[in-house]
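First chain A sits with chain B, and in the next complex the same chain sits with chain C.
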Partner chain A sequence: MKKVMSNKLVIALYVLPALFLITAVIYGPMILTGYYGLMDWTGIGEMTFIGLDNYKELIVDARFWDSAWHSLLLAIFSTLSLAVYLTISLILAGNIKGSNLLRKIYLIPMLMSSVAIAQLWIKIYDPNNGMLNSVLKMFGVENPPAWLADPKYVLAAIIIAILWQYAGFYIIIYYAALKGVPTELEEAAKIDGATPLQIAYKIKVPLIAGVIKVTIVLAIVGSLKYFDLIYVMTGGGPNGSSEVIASYMYKKAFDTYQFGYGSAVAFFLLIITLVVTWITRKFTADDEEVQY
Partner chain B sequence: MASTTQPVEKRSIASRIGMVLLYIALGIVAVFQIYPLIWLFIFSLKTNTEVFGNSPFALPEDPRWENYVRAWTDGNIDMYFFNSVWITAVSVIATVLLASFATFAITRMNWKLSKPVLGLFMIGLMVPIHSAIIPLFSFYNDMGLINHPLSLIITYTAFNLPITIMILLGFYITLPREIEEAAVMDGASIHRMFFQITLPMTSPVIATTAIINMIYNWNEFVFVNTFISSDKWKTLTVGINNFVGQYLTDWGAIGATLIISIVPILIAFLILSDRIVEGIAAGSVKG
Partner chain C sequence: MQKKWSRRLMMMLAVGLIFILAACGGDDSETEGNESTSGDNESGSADEVVIDFMHLWPEGSSKQHYEIVNEIIAEYEEANEGVTIQTEILGNEQYKEKIRVLSTSNELPDVGMTWAAGYLVPYVDGNMFAPLDDVIEGPLADQFVSGTTEAFALDGTTYGLPLELNITPLYYNKRIFDENGVEVPTTYEELKTAIQTLADNGVTPITLGNKDKWTGSMWYMYLADRIGGPEVLNNAIDRSGSFEDPALIEAAAEIQELVDMGAFVNGYNGLGNDEAKGYFLNEQAAMYLMATWDLPEFTTNEDNPQEFRDSVEYMKFPTVEGGEGDENSFVGGPGVGLFVAEDSDVKDEAKDFVAFFVEKWGEQSVEKAGVIPATKVDTETLDLPEMYIDVLNDLNEATNLTLYADVQMSAAVADVHLDMIQALFGNAVTPEEFAENQENALAEEAGE
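Let's look at the complex of A and B:
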């Protein structure tokens, strides 16, 4: 048995195809992105080595920092919204009839492509015939804004669509975690006279701290690299007011053919993603192995 | 006696009101999540006159199913739809098979590097696709794979391996080894054991990962948008995006197109909702 299960040839045969694929498609290109970031390159033809010039340009590129700020705002709001999803999940995980159905309804937007969501919300925000402005007009608002064309509102409008997309995802995660909390603790707390609110926030929430930590990482990292919906809804506009790091990178590379500079932005994005993941995990560590 | 029952009754009235409020809150969230889709379906059946003239909440006077016919035939949606179906299917099969092989070797076989290799797969979860897309584009360009569906299949398969392995792993670890061991005792080869025992035994989790993969691939946008420019190989996401760009003011046809793109996933969800929910929960939490 042991001998069969340590056959090197079989191990290689089973692991190498997958390993080769992620190396060739994920890790190789990831490293190459860092390398291309040191080049002046239009995507076709010769590359010229220019050292850290792209990164020096990046540091003083106001448009890039605007986009980074928008990504940060998205990350902040996504993280704050987790508190709402957690509250909803706490209610659902109590003895609520129909919680199964509600959970599934909440999840439906998450099943749609970002393109479909973007196109749907473009219609919702349509200045003349959109759902939102029709409602506002019904309530007597005279000149409701053209949400996606207005630099003041565009980012908020997009963030709401993104929250709509992901709400169900986080609710599902929290719900699953809450259902895994042993019921004995809740029973004991009830006997001791704890209110439902106390049970929720003093017992259940600390017990799923590990999961909350993971969702914080997911929300922050997911926001920093967010792309599809913004690219389709506004293309980063009007005039850069909804640009995020990933859409800025994509434009530089595939619209203006600055592959070298685009790579530098992409590599920067990778570094922030990894650093933020590490910091968030570090920051929220320790209290993971609570009680039980 | 009376003094003890009264507070209990009071509390139960209060808690009943509390429950009603909770249900209202949950209901509002549900409406917020579902109503935009209902609105989309309603305007997909309207004429432009109805969309522009009447209240957006009015039902269509006479449902225009021909909007769907127009979207399907005029907008090449049939072609994009077919591309999405087969590219999704091939990538899902490749991912699940390769991931099963790797997970089997990592959890069942004895070798020194199994931990670091697993770590390598898991780190892949964190890599943003944007930090790989420029070199991938240039590589596929050199290989003549730009405008070729293989570029999508290879990319989807690779990028879905980490999450698939992660979900499979949780199941493999809980699976007893005795049946597999007995098979080896009986002289079955390791490959026979894998295909005839392990794969069938893991079919529930294979279904979960397959459906999660299917949703990812079906909805993928960036890679198609970057690697495919000829209409012939575009998938539904990029296809509908172009279609909407061309038919900007035809709300009915746009609505119909969007509904067409959502329906397959919705059907899968109706049939397999528990698996999807479980897959999403499992896939995210264990990292």
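Let's look at the complex of A and C:
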């Protein structure tokens, strides 16, 4: 069997089906999107080659930069929220009572589909009958805001829903990583008189630094290309105040039939994401591999 | 031994790959097969004809529609021996997407469904839909309500046969009106007084789901019609007029006045149409402007309590004093229609089928599915809820039918229009900016 695996031809054959699929489903369309981005095309019928005109338009498109700003805000808050998830995971991993149950509760949003989550939050944010405003009224707030209708609050309202959606995912990752930290280290620290806080921040967190870096990249990239809740909850409105790059791309390509322009937005998003990923990796780069 | 192993593995992989490739190619061989059989038909004896028909009424979500379609197909197949109608059914959104994809590879079904005006343009430009004038002038002559097939015409040629027709009445809850001592308004001034009274009493006067934008557009269209007459908006869109017409700006200002009065439900710009409708269905709002596709909700739908359905009535959008429009001018238009693919190998059979379909559909759709067809309906012979009879009679008296603005416009301009509507309702633009932005978009597209 070992010999089989050393045969290059066999290796190639093993790789081939997956390679074929990934090319057909991911890389192929990616290149095609780049190609469409150079076209004036409605998505149906004739294409006209227009070179970089779509990108020139993009550079001065205020709506696009607004949506890019919103995506960036989402990325920033997603990254900041990781600290909260990490704290929760540290507490959960510290063998507190009922941590098993809590862990499962935190995971529930992960099990729901995006559309269901969106519907849930639409109900919560409903300006008149919604849970949030009912509670606010109970506490004597006279005119609670119409969360999803007010350009001032809509982005914040949606970001909270998105953070809620992904909380369980990151908590599970951190929890698993923390459980991988050998208990001997913790015991040794205890004997040396370290407080629980010191154990958490001086021993556990540095030991799972690799995982934290990965989650930072995941959070940033995931936020930049985020689409689902926004599309269902507000469609980017009102007046574009919750538009993000991906929803703007969808709107251009599929609602206004500017498939060429939409493709250009998509390709630009790909480039932004690649650059940001590269920068993030650069910033968090650390040659020392932690060894337990 | 080792060598044998590797050979066996390679064989397995090779066989596996063949299966994958065969599966990928399956589609092609199938369509080819279809084409060849239908090709035979045209040249030789017409024994077996297969018409592919795609529609968007799945059994799950549109049961009555689905059943009528099946009955019509069965009837047609019985009357025309050797003809088989093969259906493919998808929900609305998936349908739209699939049609787009099929059109790029020139594989449209022989018969399918389309929407009017702006939606048609790319397909007609791409020469994908067959002209249907011969069907309208031939077997279906004088069957359609006037103004309906025109919506499917481009440059004088008709490419679709409408199946549905909707107008937009202003529904109101009689019980809420009575409780607040509000009379049914007949003029716009009275409507505003009614709104003021309701708002003062803490009742939501009008529910509106303006997250979807086309909902607010209907309010704007009615005001534009009542102030400037039915032609102003149409002229602005077809470029024989301008969007900066004083009447169109005044209508926009009127919208903002309604907004400032608190006429619309709190948070309307963040509510979808379904959520907004919920307020009306739960008797939390007094009025709701929506097309007649919602009639079943207020008449036959058992999910809504009887008391509620009894208290819903409708009015024609009231006239504005000194305005040009009269109350028998409606915002509305045909919904989906049938197309025949230009590339179809069985075009003649397909045309014969659509003619048959439209006729049979017109006979059954109101009574069985609550859908008002685009063909004329004889109210005498039908057993219908009161509200339907009234609407059908109003339709006969209609002086004008203005097609939804976003449908009249091309997709790119419609997008500007809809965004502007949301901004107007959100007080984010002035009426002048509202008009100017749309004028610019329209002018730019027309190449002015």
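Everything that follows uses one rule, which is that the second predicted complex is superposed on the first by the 274 of 292 C-alpha atoms of A that agree within 3 Å, B and C clash if a C-alpha of one lies under 4 Å from a C-alpha of the other, contacts with A are read in each partner's own complex, and residues count from 1 in each chain.
The rule we apply is simple: contacts are C-beta pairs under 8 Å (C-beta built on N, C-alpha and C of every residue); 3 or more make two chains touch, one makes a residue touch a chain.
Every value quoted in this text rests on a predicted model; they were computed, and no experiment measured them.
Overlaying the two complexes via chain A brings chain B and chain C into a clash.
Touch criterion met: A:T256 reaches chain C, while chain B stays clear of it. In the superposition on chain A, A:G43 makes contact with both chain B and chain C. When both complexes are overlaid on chain A, the residue A:D150 reaches chain C alone and has no touch with chain B.
Legend: residue contacts after superposition of the two complexes on their common chain; A:A18 is shown touching chain B, with no touch to chain C. Once chain A of one complex is fitted onto chain A of the other, the partner contacts of A:V10 extend to both chain B and chain C. Judged by the touch definition given at the top, the superposed model places A:P109 against chain B, while chain C stays out of reach. Contacts of A:T234 after superposition: chain C is touched, whereas chain B is not reached.
Measured by the number of chain A residues touched, the leading partner among chain B and chain C is B.
In the superposition on chain A, A:L82 makes contact with neither chain B nor chain C. The clash between chain C and chain B in the overlaid arrangement falls on one stretch of those listed (23-31, 41-49, 95-103 or 329-337), that is 95-103. Residues common to the contacts of chain A with chain B and with chain C across the two structures: 1, 4, 7, 10, 13-14, 17, 43, 128-129. The residues of chain A lying in touch with chain C in their complex are 1, 3-4, 7, 9-10, 13-14, 16-17, 20, 42-46, 122, 125-129, 146-151, 154, 234-235, 237-240, 251, 255-258.
Within the complex formed with chain B, the chain A residues making contact are 1-2, 4-8, 10-11, 13-15, 17-19, 21-22, 24-30, 32-33, 36, 43, 88, 91-92, 96, 102-116, 119-121, 123-124, 128-131, 134, 164, 167-169, 172-173, 175-177, 211, 214-215, 218, 221, 224-225, 227-228, 232, 246, 249-250, 253-254, 259, 262-263, 266-267, 269-270, 273-274, 277.
Contacts from chain C toward chain A in the complex involve residues 2, 5-6, 9-10, 13, 16-17, 20, 100, 103-104, 122-123, 125-126, 128, 204, 210-213, 265-272, 275, 279, 284, 410-412, 414-415, 419, 422-423, 426, 428. Interface residues of chain B, counted against chain A in their complex, comprise 22-23, 25-26, 29-30, 32-34, 36-37, 39-40, 43, 51-52, 55-57, 98-99, 101-102, 104-106, 108-111, 117, 120-121, 124, 126-139, 154-155, 157-159, 161-162, 165, 181, 184-185, 190-191, 194, 215, 218-222, 226, 236-238, 240-241, 244, 251, 254-255, 258, 261-262, 265-266, 269, 273, 276-278, 280-282, 284-285, 287.
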